[in-house]
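Below are two complexes that have subunit A in common, paired first with subunit B and then with subunit C.
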Partner chain A sequence: MSWDYVIKRFLLFLAVIFVAVTINFIIPRLRDTNPIEERLYQLAAQGGVNVSKIKELTAIYEAKYGLDKSIGEQYLNYWNDIFHLDFGWTIADRTPVINEIMRAVPWTIGLLTVATFIAFIVGTIFGALLAWPKTGNFVKYFVPLLMTLSAIPYYLLGIVFIYLFAINWGVLPTAGAFGFGVKPGWTLEMITSVLWHAIMPAASIVLTSIGFWGLGMRGMMITTMGEDYMKFAEYKGLKDRRVFLSYGVRNALLPQVTGLAISLGTILAGSVLVEVIFAYPGLGNLLYRAITSNDYFLLQGIILFIIVSLGFSLFLIDLIYPLVDPRIKLEGGEDG
Partner chain B sequence: MDKIKFGFKEVIKNRLLTSGIILFLFVSFFGVVGGWFIDPEMADVGAGYPSQPPSWEHWLGTDQQGRDVLADLLLGTPQTLKIGLIAAFVGVSIGTILGFIGGYFGGKIDTLFRLMSDVFMTIPGLLILIVIASLLDIVSTTLLGFVIAAFGWMGALRVTRAQVLTMRERAYVQVAKLNGVKDMEIIFKEMLPNLLPFIAASLTAATAGAVLASLGLSALGLGPQNEPSIGLTIYWALHYGALIRELWWWFMPPVVVMILLFLSLFLITAGLDQIANPRLKDRV
Partner chain C sequence: MPNILEVNNLKVYYHTSKGPVKAVEDVSFSLAPGERMGLVGESGSGKSTIALALMKAHKYPASIENGKIMVGKTNLIDLDEEEMRKTRLKEIAMIPQGAMNSLNPVKRIKPQIMDALIDHDLKLSKTEKENFLTKLMESVGLDYSVVNLFPHELSGGMKQRVCIAISISMQPKVIIADEPTSALDVIVQRQVMETLYEVQENLGAACILIGHDMGLMAQFADKIGIMYAGKMVEMGTVLDIFKKPKHPYTRLLIDSLPDTNSKRDLIGIPGIPPSLLNIKEGCSFCLRIGQRTTSKIPWVKVSKNHYYQKCSKCSNYGKSKKRVKG
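Right after this comes the complex of A and B.
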């Protein structure tokens, strides 16, 4: 792997972080009054439960981003905080934002990883079968129908599911990640409860993303079928099954695997609304809570966290990909 | 490779494309024409008794605040379409122009455009839109369309650039160049017509993306609150627990309209894809 390539990718990663941080910094300052500041003073003036804590927050905020500081100084302070993974405190109960995020992340990763893998496997198989001329009629007509589901946003399907399965027929739980009164821990009761609650959110993600994987695989498979080695394998009299799996699917699979890696890398960003609809305690739901309670520190913290982790995983994928697929030419030259 | 044929005939012959367009027109007409027959005051708070099931007076019942669901839907659909179309046209125009310039002239400017699109592709647009919408007040659907467009130009840039790069080397462009045809004339007479199916596909994809983004923002309660839109209806329905209270006439109609809209855009994209990549034809 050439250093040129690594450095290029790393610079892209830095650029992404830079743009995201800068946007996050500028937007609150686009108004005459800074909404974060405004909100803090509002809370401090209102009094209420945690007056001293709110006062403390405003003091910290004032010290770093007060009006006596120049914009440049405020901007540097902002970067400094981010370097220390210091996203501030939640306004609601003044716990560090990063702690709240860390509590939510496992739920999102758990739900999305499983759903993504299932959709990937099913979609890829269907896509490969679609491009295979000897596939039966059932697959040829049923699968494209299934693929149209990919046009639908998953949370809309989620709404339909909740209404049908949870409320109308009452077979699945409406919301949450585990049953009310189940003690969290590695017990059988907890595990079954978690799986039971994950069925609907996972199913709405799986059903709406099978088509994406299927279409990708179909396209790659059609390209692969035109290759000489496929014809050669067929003329050699190999069994259909072997031509299909070892020659076709195997060669068509690589871009799909990259797609899978990218999907897994972007997992944290992908589930905001599905978590809101199903009240699933992941990052998306936390974000929703931040929006509804005007908790700007929490909101900005979550979004920065997601973008940084996403940028970093995509950077890693870019580094690993050329090692996996020897057919990828490293882009060192001008015309990448 | 010859020039791509993309005219009325090709569109009519493509079943996916025609069914998609018909469905899209159906959804648009439902909103636009339906709006003429409905009294806008029906969609105001307190137009009827709250949370009533469908009746002769209110065909799709009323919501928690007594708004007529059908009227709300008829007035909201064009607004949602408007957001999508504004965002798509603005975004795709920017993307196409930048992609054209980058692909045709190459060099440093091309590198810069590509870096910009790579960065914006990596940043999840919806999240930045959430930051923007939660800190600044987005008061009108038009403004929302423009804001969404800021995150919807990268796809068009990539597609255009890739096509321009290959076309630049093809015989008909080379011949025109050797004959001393001016750059602008080559771009508009030789290259642009060939790009049309790709631009059209970008437009449909961008429309779907923009409607999706506006729907997401509005459903989170971050969209314009004083103009009716499908996303806003969904937000109110979720906010007032329409699901748990089984007020199906309230939350199902907007979901169905949106599903039909996304299906139509999906069919159009698939159809355009067949025209632009003839190899995919005859397979499904």
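Right after this comes the complex of A and C.
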């Protein structure tokens, strides 16, 4: 791998982060309302604050939060804070934003990475088999049925699941990431509880996205099946399994990899509805809470986190893709 | 010497909803080891279908209706799928048409050669492998280092050489080359054909060359079979076909070649070939020139190894040189 290419890609990644941070800084400041003033009026409406003193209070708080400084200075401060992983404090509970995010991230990554990979692998295999002429009838008839599920939004399927499995039959828990009585830690009880609670949210994501992966793969596989190298592979007298896997699937997979990278990148943000429905303590749920409670700092922190993770996964894919497809030159040349 | 390849009354039909398309109708020919046959004919005349049928790589809705394909003492028609798979490359190999895209773009050349050997249960030690690859690449005029490259790093001619190398890697007794040079320019064409000629001579394999290029055929083949509308209408040595063409289609085909001695307009073959869908028995060339067909077309022997299908109605067609320009 040439370092030139890696450095180029990394600089691009940094540029994306820079733009994202800047926009993230500017957007809240475009509002003509003053968040501190607003918060104080809210408190005032509940009573206990002298309304006439609000202007003075606002000035004190602005000085405390550094909002009285020039915009340029604020911007530099913002960067400085980010480097120290300081995203400020949540307005709701006065805890550091970074702690809130870090508490939520593992749940989201755990649930969604696993669900995405399962959906990707199963969907891709099914899609490839659908395009393979020697596939048995079971797959040919069963998989298209499964694919119709992808027309249902995953949150809707989630609600149906809750109704059926949790409320009607009572076999699976309705909400949360683990049982109430379970003490968090690496115990068997905790692990089974976590898995038990993850079944429904994961299943609703997997079942609704298998079709997406399957149809994409099926289309690519059909194109690949028409390629000359597939015919020559047959003339060579290769075994069916080798023709299927290392000639067919291997080539049809290339666009799927890009799709996988993008969906892994959007994992942190893409799960809001599922997490809200299942009250899963992940980043999506946190984001939802931040929006409903006007928690600017939390919101800003989460969005920054999502952008960085998306940028980073795209950067990783840029590095991995030339290994998957040798025609993409690591030197960054145009031909391929 | 006994024939290595014998094709008898081969019939390949494409079954469509409107009825069978008779792509190959009663084609017979035979090849001795080392013999080279050219298969010539216009698009849709059944050349490539014959090639696919010989490899038994034809796809639905094509099916072999009838006939025998004897390679040595085995009839390929009788083999099941797994036996046929093992026969490919070992007994009968095919050099593909589109050399540009015939190699797997994501694999280096070496594994693309080796996986064929592995799937034919040939196990080589590391040094044997190295020697084998060196010899193989040498035989098609390539350097050993090519095996470590990806297909997109090769030129068109090199890719076709690699394809030839793969096709001969198991030392097949019959090689089918389906327009092996169609995507190459004339100079590379010549080089590739020379390579093919050499490896085929060294192997002593019978070779079927499919194409429309009469010049290429004349240089390469020992004998030529003329395909027209799914039938083989004439078969003879290169000299027979070029000097004494008997079937009207062959004659027109030869006449249509540019003449380097005298300045004359290029002459085409009038009409278009008949649709092979539900085609009736009889002379298909009569259909082309708008005559009624007769039902029985006998094979007529002109001389040793020179045969043609003689239709009483059209066999004199186009003998006088005054013809409509095509």
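As a working rule, the second predicted complex is superposed on the first by the 242 of 336 C-alpha atoms of A that agree within 3 Å, B and C clash if a C-alpha of one lies under 4 Å from a C-alpha of the other, contacts with A are read in each partner's own complex, and residues count from 1 in each chain.
Note that a contact is a pair of C-beta atoms (placed from the backbone, for glycine too) under 8 Å apart; a residue touches a chain by one contact, two chains touch by 3 or more.
Because the structure is a prediction, the values reported are computed rather than measured.
Student: Touching A:I199, do we find subunit B (first), subunit C (second), both, or neither?
Tutor: A:I199 contacts neither subunit B nor subunit C.
Student: In the superposed arrangement, does A:S246 touch subunit B (first), subunit C (second), both or neither?
Tutor: In the superposed model, A:S246 contacts subunit C only, not subunit B.
Student: Touch test for A:V272: subunit B only (first), subunit C only (second), both, or neither?
Tutor: first
Student: In the overlay, answer first, second, both or neither for which of subunit B and subunit C A:Y229 touches.
Tutor: In the superposition, A:Y229 touches subunit C alone.
Student: Looking at A:L85 after the superposition, I want to know if it touches subunit B, subunit C, both of them or none. Which is it: first, second, both, neither?
Tutor: In the superposition, A:L85 touches no partner, neither subunit B nor subunit C.
Student: Of the two partner chains, subunit B (first) and subunit C (second), which one does A:V182 touch, if any: first, second, both, or neither?
Tutor: Neither partner.
Student: Is it subunit B or subunit C that touches the larger share of residues in subunit A?
Tutor: On the superposition, B touches more of the residues of subunit A.
Student: According to the stated criteria, A:A15 is in contact with first (subunit B), second (subunit C), both, or neither; which is it?
Tutor: In the superposed model, A:A15 contacts subunit B only, not subunit C.
Student: On subunit A, what residues does subunit B touch that subunit C touches as well?
Tutor: None.
Student: Taking the complex as given, what residues does subunit C use to touch subunit A?
Tutor: Residues 55, 57, 59-60, 85-90, 93-94, 96-98, 100-107, 115-116, 119-120, 150, 152, 163, 166-167 of subunit C touch subunit A in their complex.
Student: Considering only the defined contacts, which subunit A positions touch subunit C in the complex?
Tutor: Subunit A reaches subunit C through residues 133, 227-229, 231-240, 242, 246-247, 250-251, 254, 324-327, 336.
Student: With touch defined as at the start, can you tell me which subunit B residues reach subunit A in the complex?
Tutor: Touching subunit A from subunit B are residues 115, 118-120, 122-124, 126-128, 130-132, 134-136, 208, 212, 215-216, 219-222, 234, 238, 243-244, 246, 248, 251-252, 255, 258-259, 262-263, 265-267, 279-280, 283-284.
Student: Note which residues of subunit A are touching subunit B in the complex, please.
Tutor: 12, 15-16, 19-20, 23-24, 27-28, 30-31, 35, 130-131, 140, 144, 148, 150-153, 155-156, 159-160, 162-163, 167-168, 174, 218-219, 222, 266, 269, 272-273, 276-277, 287-288, 291-292, 294, 296, 299-300, 303, 306-307, 310-311, 314
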